[in-house]
Amino acid sequence: MRPNDEPEAMLELDSVRVEYGAVKAVQSVSLDVREGEVVALLGPNGAGKTSLISAIMGVVPITSGTVRFLGRDVTLASPEEKVRMGIGISPEGRRIFANLTVAENLRLGASSQPDKAIRERNQHRYLEMFPILKERFHQKAGTLSGGEQQQLAISRCLMAGPKIVMLDEPSLGLAPVIVERIFDLIAELKAARLTILLVEQNANEALAVADRAYLMHSGRLRFEGEASRLRESEDLMSHYMGLAEAQ
Amino acid sequence: MEYLAQQVLNAFSIGGNYALLALGLAIVFSVMRLVNFAYGEVIAVAGYAMFAFFSLTGVDHGLVLVPVGILAAIGISIALERVAFRPVRYAPAATGLLTAFGVSIVIRNFFITLVATRSKAVPTPQWLGQHVDIGIARIQLIQIVETTLTALALLLLVFILRRTNIGLAMRAAARDFDMVRMVGINANKVIMAAFAISGFLAGLAAIFIIARRGVVDPFMGFGPVLKAFVAAVLGGFGSLGGAVLGGFILGALEVFFQIALPSSIAGYRDAFVFALVSVILVWRPQGLLGVKHQFGDKDE
Amino acid sequence: MKLAVSGVSKHFQGVTAVNDVTLECASGEIVGLIGPNGAGKTTLLNMISSLLTVDAGTITLGDQAVHNIGPRQIARSGVARTFQNIRLCPNLTVRQNIEVAYTTARRHRRQRLGQLTIERLMHQLGIAHFAEHKASELAYGTQRRVEIARALALAPEFLLLDEPTAGMIESETKELIAAIMEIRDWMGCGVVVIDHDLSFITTVCERIYVLDMGRLVASGPPSVLRDDPRVAEIYLGRKARRQAIQAVNGPPSPA
Amino acid sequence: MIRIPGFIKGAALTALLPIIIAILVVTFGSGAQERILNLFLINLILVVGLQIFMGNSNIVNLGHISFMGIAGYAAAILTIPVAIKKTIIPNAPFGLATFQLGPVEGAILAILLAMLVALIVGFVIVRESGISATILTLALLVIVHTILANWVELTRGMRALYGVPMTLNTWLVLIVAIAVIFFGRWFRDSPPGLQLRASGESLVAAESMGVNVRLLRLVAWVLSAGVVAAGGVLYVYLIGSISPKSFYFDTTLLTLAMLILGGMNSISGAVIGVIIVTAGFEIMRYFESSPVIFGVKLPEFLGLTGFFLGLIIVLSMALRPKGMVGSDEIDETLQRKSG
Amino acid sequence: DDEVVIGHVAAATGELAPYDSVTGVQCMVDIVNEKGGVLGGRKLKLLTRDMKSDAALAGTAAQELIDAGARVLLGPPTDDGLIPMGVIAMPLSIPVISVGSTQVQWPAAVPGVAYLTAYGDNASAASAAEFAVKQGYKTALLMISHDVGSYSIATPRYFGETFEHLGGKVVGELNWNLGTSDYSPQITQIAAMNPRPDMIFSAFVMPDGGTFMRQAMAAGLDIPVFGTDTFDDPAMLSAAGPGGSLMNLGSHGFPSEGSALKAFYDDCAARGFKIENVFFGLGGEAVEIVRHAIETAGSDDPAAINEAIGNIENMKGVTADSITFKDRGGVPLKDVVIVKGNNGQFELVDRIMPNWVPEADSDWKPENAAE
């Protein structure tokens, strides 16, 4: 075990590249997320955010570069190993198990948590937070409304009690009142020292809750630093977030 | 009356065999969307393993040979998953079908070139070939054992798929393999487990088929598996209860047409069976036990 | 022409997803459909586009009843849609995806096509340089735009959009607003749009319907968002309420 | 200036290889090799025919060979000289034993008959999707085979019907094969073909875009049956005799393997698949019959062909799960690479 | 060189393989060559092609062998593969001899060049009927299938016709399908017949026949089951298990002490060949017919050989002591051996040259006969 006196980089990427054939989706991105931190990853459509997250998770191959988690090189580790080590993900497009019920989805989400008490506590907690899931508990998840599915996807990745979660556009498709609940939840989780990597199109909200932020465009990082700095930088914001399709 | 009872029993046992195989096909289909055309060869492998063991050691006791057959079927099933089906896991359905077909050619020709095209005798437990007279019918032990085992296998599978994490993961992996991994489950193992179960069922069915036929040959699995495939779809592919029901219905249809058609057109039996199956499928495309919901733009 | 939904309901085992809803949209009009998650918006759209049968009530297009006529007939009568869970043909290119709709339109709705071309649509939605890419290779936001372009290629009288802005950042939303308005003016079609982005809804919609638990709870100009306390309660959070007021009134300090 | 439609260029590119092969074989090959060439071209016709329905609609079709059988039998029964019919099928129904048609009339009628049957069963099959549609096609195969095997008065049952005048000429088969390639490619690229492909990828989306999925499936099904039927007619005209066994699982699976191996979503795939499988098969057959290579006589090893054919299938699928040419036509892929 | 090429289009693999014999042919070629070949020292050269039980491939293989100089073609056991061969061979007057087929009508398809090595189905069925009547059986049930060429459909009817001709009675017909592994419906049907037939005649193939007898025995139905040559395989007996004792069949030959067949088997076994079943003997016999014809013709000209085969009279064969082709339209006249299953072994019980043989492909059907 390493000494714990300074904030450790929990997740560290070093010059990660992701390519799909000729398409260079991510070009040499290095970033880190420290324990207990909320880090926002922003960028317009096609910036490469999802590709990066998928690469961290190991479901999309990394062309070059390394990923370290808790000091260990996990570049080549399988997704399931990473989840067992404590990474949780709520992926783009929700990807709930449509042919399973809500209950079964949650149960699978918790399957890497050996402690039954924790599983039950978490389930209780998220069903309280998203009461619709309780109502639809035994319904096939595929028939849920879009927003309901999103709530399920977020709950599912938290069920196991991960050390870090990566949320890919968690507010997508949610009604404003639920979006607020999500950001409250993020703040709450942050207070409980859960580490979060947050991909959001809802830049203002994301930056309000984040400690630090990265701005991505065309596969490269254009900014990294305090979230508040990015929020105030009208320049950057309008250039990258505002003129996305200019080029 | 006695005659009828006897034929009903026959239908149950023929259906039971289809049902076992249909279950085995359905479980692989439900985790991988794979129509395993090589399933017949898994049966053949079980048979040849028994044959090889018997001719090498001379041991012909059922208590030894039966496990040998079942283990061989499980083994080959797992091996095939590993070397042949894993690489095409993400591929379109037709690709899996063709791979399975390729595998079946390889295995079949392996036996043809290295053993023989001719059938080879395999001893099976003597008592399976016996019969008891109960009341109105003469029941062959093999018929009772097979029907009972089919029921047990179904119950066990339903339990696994509904109640255990690995079962849930199997159903989930069918739709989104990567997502299963992203909740921390070793999805490879899950799929392997499905193949193991499927192999086990094939091994079981193989014992019964061989007990009836007395021999193994390279083509022995094709017919039963074809029927089982139809049975599985008839019942609702992916639904285990459906697979079993489909198996029994197909068994009943076959027996019915066998005894009901006058001998001048009895040769058309399979045409009648398949025509009736088609009618049922047109009436219920989702299969007998498959449920049809309106999904709108939602996914099942 | 007018698309009218009256007294429509839909039940799924145990769940009443849509309950006696009545609404309408005229040609050239942009109508918003909002409400909490699970309110029944998508279900309603599914019924209009005939992917679901209605359990009660009627849907009419002009003076024709069009409920339960099947998705193909609806598309031919001029109602096009996008999907909340994107449904592109993954192995076809962007151009081919659009062409599918365009060619059925050419067969059945030739008179409305006018100046509409696939190139122009792709330009309008900013996907022209992805034309030869397969749909499966696109980022989420791009796929959404392809869906919209494909729906438009039907030269619809009515366009149903299910969360078109999901996954888009603010500036992209703005572009989308511009594109939708422009297309509406150009084709004169009516638009029914579901979205959770309030600034988007309040900017593009002339009228808003609010659903909750399958029922219509409010309707009217965008200002209902501000004025109807029930809407605020069920749908908007604290901050969103503030935003909504801003969106309807304009920012507090005039710019 | 006249613009040549894209499909013509693409189809020409696709047809090039078979044409070259044919010319080489006819010029330099032996009698047996020319026969193999003919069978190759017939398989090509069958596989492209199969592609027209299966490749565009994405429904795995196990029933196509029944149309080969129907047309093959029809052509045989229509063209066998009356004298022979009197001895082998004297009691043929509909007075079929009492007249003989020429090869062209026989072919046309046979193909039309197959298409008519396709139209009738098509109404049922196109209503279904996915695996239940596949089972229906399988049922078709079994039913047609059972009828061919049992309707003894008409078909002589499992015994071969013989005496079909063998009127085939390699160039004619080649021309039909090329025409079929152009036809298949034209259909694939045509608006209905594109719409059908869309429905194969997302049924809900296609229907919501106004695509008449059932109609298009039916059209493709009947056209596909027609092309496969043409293959069947050429087959009997080549072999001169016919028996139901040729129209069952072996041929079904072989043609299916060719199509999927090459890439079922394109005509190029169909053609490449036939070439690869035929070449592989012939090479293996050569090794099987104890050839002398570098002065060494290899042992006879019957059964080798099947073994390796299976292995080739498994390996190629593992390496290229979407088939050798993928889901696009060769020319489309080339264009994408260069553009 | 001066070898005489014989081509064998063999069903080496596929479902017809048990009824052909690559090795039997090979062994006899070796023997002939060892004894000095033909025509005063020319060796026979055997070229084998596997037709994989596929009709089209049989034609291609025949063409290949003809291209390679084959003077005579040996062929697979069913007409679907034989006819395409014959069609190619006929214009060249190359004789085509099927090793295993018993189908009487085949030679008519390519008249003049087509031959069987075995007797025809009508002869074997007639012998079986004669034998059955001798045993005192009065009623018979026929089991018919449409799935195995002429054999499974015509043979039972030849039997029925002869049986009734000789005073027996056919009491019913039952259908069976190729590849069935559970015959319990049929067995239950037979068990329910009242009165039960004295015997069953069927034209099963391998291993269905064994399977049927095994299950009949297990169900307590011990009625003798008669069949012809496709029953003749030790594997059939082992498939039948305890049911093997029900088996009666008309076969091509029997390796009894002192017989030519036994000598051939022993010779071949010594050469390292494995004798699978009686088709091995037929394979040898086919070569012997060819050798005999070449010697008689005094030439390796196909047309001359063909003519010589057609004129064979009373030739001593491998499976039978006397074989005659003259004026028989390609189907040889030979006697039929009757064997029975006994403790897992075949046992010779009779040799019959049938007195009355039904005409090939007659329209006789049991339903037209007295009920």
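Letters A, B, C, D and E name the chains as they come in the text, with residue numbers starting at 1 for each one.
The definition used in the following text is that a residue touches a chain if its C-beta (ideal position, glycine included) is under 8 Å from a C-beta of that chain, and two chains touch if they have at least 3 such contacts.
Owing to the predicted nature of the structure, the values given are computational and were not obtained by experimental measurement.
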Contacts common to chain D and chain E (chain labels): B
Where chain B and chain E overlap in contact partners, by chain label: D
Pair exhibiting more inter-chain C-beta contacts, B-D or C-D: B-D
Distance from the mean Cα position of chain C to that of chain A, given in whole angstrom: 28
Chain C-chain E separation of Cα centroids, rounded to whole Å: 75
Centroid distance [mean C-alpha coordinates] between chain D and chain A, Å: 51
Set of chain A residues in contact with two or more other chains: 143-144
Residue numbers of chain E (touch at least two other chains): 12-13, 146-147
For chain D, residues that touch 2 or more chains besides their own: 149-150, 204, 302-303, 305-306
Touch relationships between chains, expressed as pairs: A-B, A-C, B-C, B-D, B-E, C-D, D-E
Parts of chain C lying in touch with chain B, wherever the complex brings them together: 12, 42-43, 46-47, 51-53, 83-85, 87, 162
Residues of chain B touching chain E in the complex: 3, 6-7, 10-11, 13-14, 17, 109, 112, 116-121, 129-131, 138, 140, 143, 209, 212-215, 217, 219-220, 222-224, 254-255, 258-259, 261, 263-264, 266-267, 269-270
List of chain A residues in touch with chain C within their complex: 20, 23, 42, 44-47, 50, 92-93, 132, 136, 139, 143-148, 150-151, 169, 172-181, 201, 203, 238, 241-245
For the chain B and chain D complex, residues of the former touching the latter: 35, 84, 87-88, 90-95, 97-99, 101-110, 112-113, 222, 226, 229-230, 233-234, 237, 265, 267-271, 274-275, 277-278, 281-282, 285-287, 297
Interface residues, chain B side, partner chain C - complex: 293-299
